[in-house]
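Look at the two complexes coming up: chain A is in both, with chain B in one and chain C in the other.
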Partner chain A sequence: MSQVLINERDIVIPGQVLAEGLDYLPGENTYRKDDKIFANVLGITSLPGRVVKVTPLSGPYTPKVGDKIIGQVGDILMSGWRIGTGTAYTAVLNVKDASSRFIKSGEDLSRILAIGDYAVVKITKVTSQNLIDLTMREPGLRRINGGRIMKINSHKVPRVIGKKASMINLIKDNTGCDITVGQNGLVWLRGSAEGEILAEKAIKLIEQKSHEEGLTDKMEKFLHENKGNIVVDKKFRREEGEESQSEESFSEEDQ
Partner chain B sequence: MIINQEQIRELAAQGKRLDGRELQEYRSPIKVDLNISWTAEGSSQVQIGETVVMAGVKLSLEKPYNDTPDEGGIMINSELTPLSSSEYESGPPGIKSIELARVIDRGIREAKAIDMKKLCITPGEKAWFVTVDIITINDAGNLFDTAGIAVLAALKTAHYPVVNSETGAINYKEKTDQSLPLTKEPVSVTVYKVNGKFLVDPTIQEEKSADARLTIASDKKGTISAIQKGGDAPLSLEETDAMIQIALEKATYLRKELNKFVN
Partner chain C sequence: MAYTKRLDGRKNNELRPMEAKASVVPNADGSASFKIGKTWAIAAVYGPREIFPRFLANPKTGIIRCHYSMMPFSGSGERIRPGRSRRAQEISMVMENALNPVVDLRAFPNTVVDIFIELPQTDAGTRCAAISAAAIALADAGIPMTDMVSSIAVGQVDGTVVVDLMYNEEAYPAIVSDVPVAMLHNTKEITLLQMDGEISREDLMKALEMAKDATELVYQEQMRALQEKFTKTE
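Entry: the complex of A and B
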């Protein structure tokens, strides 16, 4: 006789029994021992179908193929850059993946990315030894200049982006900022001084209240109340069509 | 590139800051907890924004120094604990920690804030020595000002322990109602120069983006007791004047905030 012992969106602790019997399947951050499914992390449960999943409340970012992240250049190598990912493992961006233009041998690589620079990159490969390969050859991937960078818990990134990027678009529309959210929790904001401050506050608020329901409505209210005299200037927003496409790959399902 | 350095410098030139504060605005809340340790003769925990610093005062009876046989002494140490920032490690004190302690020490010592002669019990034989320990709990920028207030608050709340009149032994478990002979209350304010503009109470990111800094300790009357300059950029005479004006003004503000908690 199989039964599930938790409800949707319960907070569970590591080692807690989530389900008994073989009718349920262990999903992310859970494991099966004998005929019971246990939680591996402190987090919130979800039950899509017969799979029991736990979304962690905190913890480090785990690099995944296809993730768009914001990294910092740590070193220049023979033919590429070593990029810090905000995890224990650094990544390598090869020159051939850095630009669509041909980079001659002997060219000064620091003119493309200097040590200390931040860049929006995408993970193309993660080996079992956690060697990470990156690319910067897709639309929207580039070196960061101007604006500000803030750090949030990487597990809250899906909430900051929202269903079909609804949340992030709400913030963009109300603050006039261009916002890029890296899956590793680094966020790049660029807009007017006041717009950036409001956007940063909004994102911090989402991070804080990520477990609450109806967050989009609350954020809409917050943004309208605090908008003040921020002029939404489209000059910071990227051209439609050029890069807005890549935002789609971001939008994960709302928890 | 230090995170957000460009943006901080650009905004500073326009008279703005990354977190939306005015250039010469302290973070809130400014909070002072007193007597947080029952083993210390006086102690405090001060919070400015997210920066938290603890200070403790210990008193001991020692033989006075040979050149000042009728005076006690003061010694201030600081420890930048690994828990307060990922940049600090345990082990012998680094240059930042030594500078912090010395700047605070100088502010108090040179203001003659404690009447050293009153610390003396028997000239050439016995005098009270004051040891202050600064311990950082969280470094979110502006350790200088936070530590300065913490030390002052700890000194203000310090009470002598009971001394056995026959044996001369100190009973640290009991305190008398006699407090330290504080004559002045120096408060230090650190003014930072960022891209030609002056600001106070920087965050970590602002500290790292600054060109120069000037820590100015002053008492209630506005008498300056100590100045310490840091950072690579030089400061002109006019700039120094302007920074001192800001520091004196902000010292009044900090003293007012402190007095909400201690009298």
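Entry: the complex of A and C
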């Protein structure tokens, strides 16, 4: 006599009963108490098979190993940098992970990354206490130069990137901007002034409408209507064919 | 003469009209406005974020911190001195105790979630409105919670058990009592129970029974506010 009490893509609030009986399994952001499954967070439901899941619509970014994020240098340490991640926790980037070049001891670290600089980095380690280690020694990871940084809700990042990067490529193609989306919700835009403004507006719109369906079509319409006389200049874009491969990854850029 | 008819003509178990809204403060991570009659609470949630002063940090879990405050013009005309008062500190503390059983911040050790509550207008039942607003704001901020907290005041006016007292009822010239209650939706556990005035044991039990139905109505409004945010667009 098990039954699900919600439909696919319903909006549920914390403590709402999602399913009764033992035939269903509690997935992400849900918990079982006695024979009922409850939601743990405000979000959208999904029912893959016999699992009941809730995808949060808001909330803090939880750092995960392998995530590429954009961080800001907060302090310079003895042998590395303290990097703000846009969360309650700061991360450490050690000199040995900062560059493929040999950095002599006693070298001025602020010449590599100064306080206040932004950088695209990757998380290599997260402890149970949320202490974070970073690396910058991979293609695409670098100090940020020029352009602008904007912040969005980290849960909207997959939507901004889209399936197989379709959404982000749509914005790139229509604004001529180079866009890097960090999993922590920081976005780096670089292009012409008008292009950057339009791209920023577009990303804000996606963030607002992220729970709606058919978003790519709506965005295509929005971009065409507002494109005006933006010249799509390829100079900010990297080589074709080197585009991002999946939702999580970024387009690579040679330094 | 007993209190047979309520001053504003409500039934004994009838609440004042409620109006809740989520995400009213754009800068905050989550926020809510909760109106019940003339009482109006606005809650804004920030965090989880770094905790200061550091000695408050708990390495096992994140903590919540409430800041309750009535606006200077929020009373009946007498200016309310802004800032922390003994009363505001107590209410902040009981609010934390009322919300703590549902928020689950074990994934965010050494952090704090700050909840700021301002009351632009008050007509009794402010701590209840504040808790109901804070619960919406916490959910809106995406904080993991095991349940929703809904709060309402019950009490007794000259021998009649009523819910959701307004100021004129609290100040009624007879034996009156005011019992703010906060309840969890699923388990009906009580996380806030205070009392001012006098009430008999029978009346208290009756009042708490009425609080169950009343908090359920508050819960419905909280749920509507949270879901409306995502359905009304276009």
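Simple rule for what comes next: the second predicted complex is superposed on the first by the 239 of 255 C-alpha atoms of A that agree within 3 Å, B and C clash if a C-alpha of one lies under 4 Å from a C-alpha of the other, contacts with A are read in each partner's own complex, and residues count from 1 in each chain.
Just so it is clear, a residue touches a chain if its C-beta (ideal position, glycine included) is under 8 Å from a C-beta of that chain, and two chains touch if they have at least 3 such contacts.
Because the structure is predicted, anything quoted here is derived from the model rather than measured.
Once both complexes are superposed on chain A, the partners chain B and chain C fit side by side without clashing.
A simple residue count on chain A separates chain B from chain C, and the partner touching more is C. In the superposition on chain A, contact of A:29 is made with chain C only, not with chain B. Residue contacts after overlaying the shared chain place A:78 against neither chain B nor chain C.
In the superposition on chain A, A:148 makes contact with chain B only, while chain C stays out of contact range. Once the two complexes are laid over each other on the shared chain, residue contacts for A:212 go to chain C alone; chain B is not touched. Residue contacts after overlaying the shared chain place A:193 against chain B, while chain C stays out of touching range.
By the touch criterion defined above, A:117 lies against chain B but remains apart from chain C after alignment on the C-alpha atoms of chain A.
When the two structures are aligned on their common chain, the gap between the nearest CA atoms of chain B and chain C comes to 6 Å. Residues of chain A touching chain B in their complex: 114, 116-118, 145-149, 193-194, 197.
In the complex of the two chains, the chain B residues touching chain A come out as 1-4, 6-7, 11, 14, 16, 18-20.
Residue ranges of chain A in contact with chain C, taken from their complex: 11, 13-17, 29, 31, 33, 38, 40-42, 56-60, 62, 87-89, 129-130, 155, 208-209, 211-212.
Put simply, chain C touches chain A in their complex at residues 29-30, 47-50, 59, 62, 102, 104, 107-111, 139-148, 184-186, 222-223, 226-227, 230-231, 233-234.
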